[in-house]
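The letters A, B, C and D name the chains in turn, as written, and every chain counts its residues from 1.
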Amino acid sequence: MRTPVGILGFRGYSGAELVALLERHPCAEPVLLEHRDAAHGAPNDDRPASPGRPSPRRIAYSPDAVRAEGLAAVFLATPAEVSIDLTPALLEAGTKVVDLSGAFRLGTVENYTRWYKEEHSQPALLAEAVYSLPEFHRAKVAGARLISNPGCYPTAANLAIKPLIEAGVVRRDAGIVCDAKSGVSGAGRKPSLKTSFCEVTENFSAYSIFDHRHVPEVLRTSGLQESELSFIAQLIPIDRGILETIYFRARDIESAQELLLIYKKAYADEPFMRIYGHRQVPDLRGVARTNFCDIGAHYDPETRRAVVVSAIDNLVKGAAGQAIQNMNLALGFPETDGLL
Amino acid sequence: MRTPVGILGFRGYSGAELVALLERHPCAEPVLLEHRDAAHGAPNDDRPASPGRPSPRRIAYSPDAVRAEGLAAVFLATPAEVSIDLTPALLEAGTKVVDLSGAFRLGTVENYTRWYKEEHSQPALLAEAVYSLPEFHRAKVAGARLISNPGCYPTAANLAIKPLIEAGVVRRDAGIVCDAKSGVSGAGRKPSLKTSFCEVTENFSAYSIFDHRHVPEVLRTSGLQESELSFIAQLIPIDRGILETIYFRARDIESAQELLLIYKKAYADEPFMRIYGHRQVPDLRGVARTNFCDIGAHYDPETRRAVVVSAIDNLVKGAAGQAIQNMNLALGFPETDGLL
Amino acid sequence: MRTPVGILGFRGYSGAELVALLERHPCAEPVLLEHRDAAHGAPNDDRPASPGRPSPRRIAYSPDAVRAEGLAAVFLATPAEVSIDLTPALLEAGTKVVDLSGAFRLGTVENYTRWYKEEHSQPALLAEAVYSLPEFHRAKVAGARLISNPGCYPTAANLAIKPLIEAGVVRRDAGIVCDAKSGVSGAGRKPSLKTSFCEVTENFSAYSIFDHRHVPEVLRTSGLQESELSFIAQLIPIDRGILETIYFRARDIESAQELLLIYKKAYADEPFMRIYGHRQVPDLRGVARTNFCDIGAHYDPETRRAVVVSAIDNLVKGAAGQAIQNMNLALGFPETDGLL
Amino acid sequence: MRTPVGILGFRGYSGAELVALLERHPCAEPVLLEHRDAAHGAPNDDRPASPGRPSPRRIAYSPDAVRAEGLAAVFLATPAEVSIDLTPALLEAGTKVVDLSGAFRLGTVENYTRWYKEEHSQPALLAEAVYSLPEFHRAKVAGARLISNPGCYPTAANLAIKPLIEAGVVRRDAGIVCDAKSGVSGAGRKPSLKTSFCEVTENFSAYSIFDHRHVPEVLRTSGLQESELSFIAQLIPIDRGILETIYFRARDIESAQELLLIYKKAYADEPFMRIYGHRQVPDLRGVARTNFCDIGAHYDPETRRAVVVSAIDNLVKGAAGQAIQNMNLALGFPETDGLL
């Protein structure tokens, strides 16, 4: 029998992806938790069920229901303020919480207030929460009650940047550029003019120049200073996918192969990291609907110009897939379960 | 000097198209009328002006301003209920009104109430309004104060169907099918889940089966009975364009050429009608950003199966372009001014 | 251990979908067969493998290799003429053949010559081949050596039309209209102007009016006469999906519920058929990347106008998924294996 | 009477755009020149003509025909090798040549050979050709016989970069990044797998990292050294538009306003340059189907990180529009004719 786990916010894009992935999970079984604040105002897609595959269970959310159903973990695919509201009662109900919002990512109240422009009403939980990009932080997850799942942009950014910083090959005085592009699902399912079809199709636009809420996550994990990183988010007219083109001036690298070797060593046994060969870089089709992060690099030894391309599916490795990876770690399931 | 004409609702897709077309009009000059109820809740695109081409004038709307500015006509690119509210004062201010909404299209209060599910507070104006698809009704426009511009779907449908009905070549007992497809801009600029990028891209869906508000316009103009017409609207993941595939069983036609001849005769001198040759049918690229209605037909004489394809740009011939055609007729400008 | 099965033409869209689906199949293991004539001139996507999931095996194709590897079945995701060429040697090598092309669909040489405008060099195999849309023909598959997988359009059409014809509720003298729309992957991976991005995006176009090669499959399975069916294929600017809007005049039906009941009875135990409730119809997002065929219907009892909407993923239920369903039947695996 | 000008390669995307723009030109009249080598293998869109607007004249190309028709200029919307072949005879026929290919852009044979990997058979013409991005080079155009129209990427890049270099505000030792994104029409109309709909839609990919043929044009015009510029081209799933995000470390600038002032001064009277206000950057919808280049900038004085966004329509300002601007200069027409 599979262990039941709950999903709050299952009508949003990340929530729906969680449900779809968990339906194929060998050890966990999704239970949909109905809750007014997690509904996003979005009507549900009531598609008919198949006689061959029953729909997942759906119950009204309450801390008591979570306890009664014996949910081993609950995913919060909800806005940050809703996550902050719901987490205390969930933890009290004895379940583990995997939060996909920004509520518990930034470690300190000061950081949160600066980037989210709001007070944080649960500073103790903010301090307790374990931020986990599993490729870097998996050791800390098993013992955690509250796991904060990384943002989509920082996931692609840090998997590309952190190994470079650690290898000491970036000329940090020249700065590092992260030109990030995302599909529209990253903005969530709530209707807005910015994500309306006619505004997005046949268009391409930048937003949140230097001040995106995800910037502090990149800094915190990679070890870069704010002054060293130029990060811009941009909207591609596609449903899903994030591609980040990362530019820097290198030192102490003699060839592209040497640059690639940094990644091949860092990720030798990582099941969700795929490193491209020389002169090849990833595209978004290669990672769509997978939990992979694909990385490719190009380097000109003569001029020391380097570029790295990092690609993920924002709803999978950038949200629901990584959250399941974290749940697997938290509940003691094999880390790749339901994700390969 | 060009004659000033006003636009209410210039932030919506049809309104913006009106402004863009009128900026190139040789006789009319657009004046943007700011009005709370015509704003659609949509923020404006404040793009910088070019030193080479000044932006159109923008003034606060009031009936007095309309009179003071001497606006010869005012376009209402507003929801039906706003058009009904604003029209009486505009007419009193002495300007001609070209309404792009459904407010004055259906002739009788009964018709309006059945299809729009609302009362109509201006029955006298509804009766007075001249519904004008210029290819059929241009003679009536010159003397009119209030012109009701046809809906986008009925424009493409009636230009294809009416000549067939008049020629008596449709076996009406077998029914006529109009399978209509539209780009998303037809739904207007107000954000909604149905027109959100991620819901529309890589999708195709039907809506308003048999009960679309545009059906009575098709019936009224073509002379078909409701029982004879099967009309479905469908959403294509594109910005603009309507293509209608019309099926019927023919009588008294011996060849495809004979079928095409009906159109070639009916539209011999029409500047905005283009009839395709045998075995060719229009696509949407051919009409994008034009005021043309393209028509092609296919016929199998042996089995008497016939199909007609009719294509327009929903924002031009289906809205703003046709409205300018009507304004040209109403103000005595050449009918094709600003449109070829 | 999983039973090895071969794929010829694995670089095309249907072939790649076969590989992706078979990688998750509990009983069958995909073996990629390299072959010049099955390459479509398309370069391969050489994405790096993950340490967590090995790439499928890839060997040079020859009848001897098929025998040596003990391939229980071989899928032909190749053009019709290549399928005709390769099939005799494959059957001689003792493997079962599931052909996804039109090579063996039409039963007789006359039919093939009329619709494919070519001679058929293997008339005996054409006569022997078992055409199988499993929902209708599964009983015949177990004993077959050569299985002909239906076309994408006829799959969606026949699943919607055949139950109606059998129930006798179509007024056949009035004709039945099948307005079909397909994503671009249905045209295959070979580059052509018609499937170039800039020609397709923001466009919508009809092709093969009344004379599409898939028409005889619709007639043969549904029992309709050519004179009774108006079938048009149209291109939607999306990657995958087929939606068919089917219009007819009904007899002996008093309500929409009665119409839906025909489908609910016909498909009561079918794992891949999902029937929508009254006033709801399927869209393409609901079937994307699934083996489902979704059907919805609308009926106006007063005027006897009926419409049925049928939706599939052209690469899954319309090609690779259905082919695996047929392989499951042919090799004695559970029919839904790898597909739910 | 309008001056006749010829277009070779009118079936390609740039060529078709030339025709569309010239049809509205007050002083020039397009004449389509049929030529085998300029056909791109692409069939023509034979859409029917309107009684209201005659199609442009079409004649067989020959140098004699060019002379006989008195074509004042001929546009070459042809591949580089075809342009090199045709130019000598055209010049001899006494017409001015505006070449849209890369044939005559790089000034020296060495440069051409390095970046185009081919010999150049007309070194004298290569030396004679006037490369003209009109905002910088218009003074040299009037006397030229052969005008080389800039590439699309360098147009957007140089209009953004050159004023910065001239103002001396770029810390060149830290390098300048130009992350360029283009719609698919930039790749031309010849079918290829890379520009097939299903490969491009829902995808985003980089190509030509550091070695794009357009790089030397950026260097030559802006004055940057190759080692100072990191340029990557990327494909957006849209029809048309180029957006370039340009990153640098600034010196001697105290505010974003100061940065913007550089552009406002440089382009004060330029009819096709639009400079955004602080904290706003251009998107592609703003420039679609216009000859504008829109520029916006963002600057963080504390950390000296700067970003500039430059946007054009690749087929207009990046090709046909700019070519007409050059033709206007060459033939003595007002520079904005046919373009505002």
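Criterion: a contact is a pair of C-beta atoms (placed from the backbone, for glycine too) under 8 Å apart; a residue touches a chain by one contact, two chains touch by 3 or more.
In this text, all values refer to a predicted model and were calculated from it rather than measured experimentally.
Repeating the A-C interface with over half of its contact pairs identical by residue number, the matching pair from B-C, A-B or B-D is B-D. Look at the contact of chain C with chain D and you find the same residues on each copy: over half of the numbers used there are shared.
The chain with its C-alpha centre at the largest distance from the centre of chain C is D.
Pairs B-D and A-D differ in how many C-beta pairs touch across them, and the larger number is found at A-D.
Rounded to whole angstrom, the centroid-to-centroid distance between chain C and chain D, based on C-alpha atoms, equals 45 Å. In terms of their C-alpha centroids, the spacing between chain B and chain D amounts to 36 Å.
Separation between the centroids of chain A and chain D, computed from CA atoms only, is 39 Å. Multi-chain contact residues, meaning those touching two or more other chains, occur in chain D at positions 199, 201-202, 237-239, 285. Put simply, chain D touches chain C in their complex at residues 13, 42-43, 184-185, 189, 191-193, 195-202, 237-239. For chain C in complex with chain B, the touching residues are 173-175, 177, 179, 181, 183, 199, 201-206, 209-210, 226-227, 230, 232, 234, 236-241, 243, 245, 247, 249, 279, 281, 283-285, 288, 298, 300, 302-305, 307, 309. Note for the complex: chain A touches chain C at residues 45-53, 201-202, 268-277, 280, 282, 285-286, 289, 292, 294, 336, 340.
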